[in-house]
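First subunit A sits with subunit B, and in the next complex the same chain sits with subunit C.
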Partner chain A sequence: MSIDFKKNYFELFGLPVQFDVDNSQLAVAFRALQTQHHPDRFASESDEARRIAQQVTSFINTAQETLKSNRLRARYLLSLSDVDFDDERDTTSDMMFLMSQMERREVLEQVPNAVDPFDAVDALSKDVKAENKALEQAFETAYDAGDLEEAKQVVLKLKFFERLLGEIKQLEEKLEDEAL
Partner chain B sequence: MALLQISEPGMSTAPHEHRLAVGIDLGTTNSLVASVRSGEASTLANADGQHLLPSVVRYLESGEVIIGSEAQAALGSDLKNTIASAKRLVGRAVSELKTLAGQLPYDFVETEGNVPQIQTVAGNVTAIEVSSEILKALKSRAEESLGGELTGVVITVPAYFDDAQRQATKDAARLAGLNVYRLLNEPTAAAVAYGLDQQTDVDNKIIAIYDLGGGTFDVSLLRLNKGVFEVMSTGGDSALGGDDFDHLIAEWMLKESAQQDTKDAHLLRAAMIEARRAKEALSDNDTVAVTLGDWQGSIDVATFNELSESLVKKTLMACRRAVRDAGIEKEDIADVVMVGGSTRVPYVRQRVGEFFDRPPLVDIDPDKVVAIGAAIQADLLAGNKPDSEMLLLDVTPLSLGLETYGGLVEKVVARNTTIPITRAQEFTTFKDNQTAMTIHVLQGERETVEENRSLAKFALRGIPPMVAGAARIKVTFQVDADGLLSVFAEEESTGVKAAVEVKPSYGLSDNEIESMIRASMENAKHDVEMRRLREQQVEADRSLQALDAAMTSDADRLLNESEKQQLLAARGDLQVARDSDDAEVVKAAIKSLEKAAEFYVARRMDNNIQAAMSGHNITEFES
Partner chain C sequence: MAYGEKVMDHYDNPRNVGSFDAKDAEIGTGMVGAPACGDVMRLQIKVGKDGIIEDAKFKTYGCGSAIASSSLLTEWVKGKTLDQAKEIKNTDIADELELPPVKVHCSVLAEDAIKAAIDDYQSKQ
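Showing the complex of A and B:
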């Protein structure tokens, strides 16, 4: 009834250890595990059984969120290959990449001045997502070729995109608030 | 028939007896009751064949209480004794009603307690009592139709209902002599009604529930898969609904008839009734004739759409946010389910259809869908369906985070994260030999510490002396299935630990949760300004430090006395501007210091062989 915490997240959901993830298969496996282990299923049982259920479902939830996010999944794959990350220090040194990030930010700053800011932010979001996707493909190529150092560099870049997408999201919320 | 039901004393209940359970949709405008019979859920009608019970209660001088259509008919004539929007009042404190009272025709009584009372000819009544009258009427309707006493009920509430409102709804049920199995959120009930948990062929389907009822708007995104309902995100507005469309038409008519300044309660009520009739008629007609007293006019669809635009837009903004919170794209949504009578308004359907880029589902009567879902859930909880695998996964209603440098909040667990969850984040020390670190736990969506709810503050002590940035402090948030939060902090290289248990769902009432969400929407602009100011202040500090460091190292060599004074003056200006409350002022001061220091930067650069540094600002000369 309990699950094996030693399993890696991919094994937990019965998925192959690779970047490409079948999201519907992940969702199905996630829900199957939740249906089995959720504390609600142990509502009338002992405190201990509920505590175990709580621990197990936390693990399941974390595993699912890690595999659901492309960046976290990429990073997790590298950690399985003993590639470590130092969040405080690791950063990309690719100047061209940093320049293009700055350009994106300038576009972002100009969004509120656009004729239709919502169209502008949607267009930017679409572009950024497309670039993000290309990076993810670059990760997959590097990872599959066994070039883990290059793969790590791509993951560091993905973090920039995640932040940029977060800022785009914040701007969208701000625009919505102002439109109300 | 009764003669055939012979049973031994003490064995009156058969083990597999089908228990009578119903679902009740206690609505702002209309209420319904439904039950599962022979495996089919359907709403129950009264003797006249009416399914919808208008949520209107009239108190007569004799003490008699009239409920439903007959009471509704008296809205124009006996408005002070005819209570229509009890759901908007239920669970509200006297202080909260101050703003609402002005819009309602009732005489509120000043009472010592915290539950407001409405004065009627039959005495003072509370919204709880008014609601219980509606529930009593539905209970007797159900018991007559089903031929027995009810074992239990499921009552639906808007997803945004706070703790007080939920508790008051339960109190009303108790007053009506009902056993409440549970309160169910309306959007969830709607999803249950569509039987989507029964669709074993569909693996993974995202459904948007757009629920525009009489007095509330909710949008929820649910993921449905083989009996498991997962709430991905919710949003909405607990003070927006079909009544507001009526208000807009009523206001328009009063303005058109040059009576907009009237204080005549009868005229206002007549305008509301006429407005509702016009709204409903406009669903099938391009133009509708309207009368208000002696005034006669007409309203067309275009005018109504124009009036409705701001309301519809508000609902779509909430949809936009819910989609983003769920981390999906609009295209991922398989179906949009329309709930609530107001979704009959063609313009609402049109705009919702345009927004989600697909025609919304209106298969089940939008008035009945919630009651039907509640009936299915009631049947389940009554134990009539022991093999069901239906499971509702819950999410965190508000983000949880930690205070970081500059009084900003770093979110650790985002709102709408599936619980239970354990989330760890690593932090480090800012100063050399720092031996303690304060862990300040916050809840809310705002960006600065002061404007979020502080849940707990504790210190991690005994960190061994290390250079800044060398310590690895892991802070772990653990939210259990009941929404209770525990926070642990640990310095990883030495294993020094500290922990605290905080209880957001008990320490923070749902009422506060709602108002905090509201405040985050209203104050987002202010937040952004605060953040910008903080950022500029951090930037200013950096510039000041960079200049100081540079001057300490080579000012004597590279600058003459007047140049030094000139720079120090500009430095002084920034030092003063830094504490201003306007980000632009700080920014301008940083710029002018940078400008004043340009020659110095250039000189340092010439002095330095690294020509590649050109174009950099002074903050980059720190190291």
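Showing the complex of A and C:
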């Protein structure tokens, strides 16, 4: 048993092709497909059947990871509209945006020196999450309006936030470890 | 991933970290970001009346290769004219630091940063 690899990730899970995603619906559809195509169920079958089951599982996993992440889902939506990304050459030169990113990182760097590092990191985390949310909304607005170039610029910016949020999380964990 | 010796040297002892006042007329500031990895780089040059780059500073939030690329570039541009500095290619940086193919975009970032800094300086004159 295989699946139609030509289906896009949204179709695979029976979801509408749009930025807004019902995460519980995604989780249910993912588990159903995962169970249906689990390689263990094909353990006693031919090499070919097992190989296909593995390919299907890998496809389903990639699809789920892509749709679960807001940034990857946005990027995937654009790729369905033939918007290209060039990871080697694309650079962002929006000065206001980069300055604010630089400032955020300087604040993050100073967190351990704050009187209360936990308060400092909480405040930063709250601000950054709010900005990230606003960017996601800006993506949805641009995408829905068919402004794909603007939507692409927003997706590129989301990567900086993903990185920043990851570093904030690391620092939070480090602070918690040290407090023990 | 293991970094090469030259990258580690710049990473452990970055040259010219810091900033100049971006509002000064003799300062050019270039800021760039790499959406592939979320690195942010600021490179600044201080240009003398003779048009030669007297000093350069950088601040990079990114991986070792991005830090090394910008650190190396600040060393290279000192004493150069703006035209000479503009001629530095990302491949020169990548070759000097022996960057692996997956890290070449870090040197692209540094090249874009110096070009942006020169543009910024020239737009102020």
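In this text, the second predicted complex is superposed on the first by the 171 of 180 C-alpha atoms of A that agree within 3 Å, B and C clash if a C-alpha of one lies under 4 Å from a C-alpha of the other, contacts with A are read in each partner's own complex, and residues count from 1 in each chain.
Here, a contact is a pair of C-beta atoms (placed from the backbone, for glycine too) under 8 Å apart; a residue touches a chain by one contact, two chains touch by 3 or more.
What you are looking at is a predicted structure, and each value in this text was computed from that prediction instead of being measured.
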Worksheet item: Between subunit B and subunit C, positioned on subunit A by superposition, is the outcome a clash or a fit?
Response: clash
Practice prompt. Using the superposition on chain A described above, determine whether A:E150 touches subunit B (first), subunit C (second), both, or neither.
Written response: neither
Worksheet item: Looking at the overlay, does A:H38 come into contact with subunit B only (first), subunit C only (second), both, or neither?
Response: first
Practice prompt. For A:K174, decide between first (touching subunit B), second (touching subunit C), both and neither.
Written response: first
Worksheet item: Which partner does A:S24 reach: the first (subunit B), the second (subunit C), both, or neither?
Response: first
Worksheet item: Just subunit B (first), just subunit C (second), both, or neither: which does A:S58 touch?
Response: first
Worksheet entry | Contacts of A:E162 with subunit B and subunit C, given as first, second, both or neither | second
Item to complete: Have a look and say if subunit B or subunit C is in touch with more residues of subunit A.
Response: B
Worksheet entry | Which of subunit B and subunit C A:M99 touches, first, second, both or neither | second
Response to the item:
The clashing stretch of subunit B against subunit C, among 19-27, 559-567 or 613-621, is 613-621
Worksheet item: Intersection of subunit A residues contacting subunit B with those contacting subunit C?
Response: 87-88
Worksheet, complete the sentence: The residues of subunit B that touch subunit A in their complex are 203-204, 223, 225-228, 230, 313-314, 317, 320-321, 324, 327, 389, 391-393, 417-423, 426, 428, 469, 478, 480-481, 521-522, 524-525, 528
Discussion item. Please output the residues of subunit A touching subunit C within their complex, sorted ascending.
Written reply: 87-93, 95, 97-99, 101-102, 105, 156-157, 159-164
Worksheet, complete the sentence: Interface with subunit A, subunit C side, in the complex: residues 31-40, 42, 59, 61, 104-105, 108-109, 112, 116
Discussion item. Give the list of subunit A residues in touch with subunit B in this complex.
Written reply: 23-24, 27-28, 31, 34-35, 38-41, 50, 53-54, 57-59, 61-62, 64-65, 68, 87-88, 169-170, 172-174, 176-180
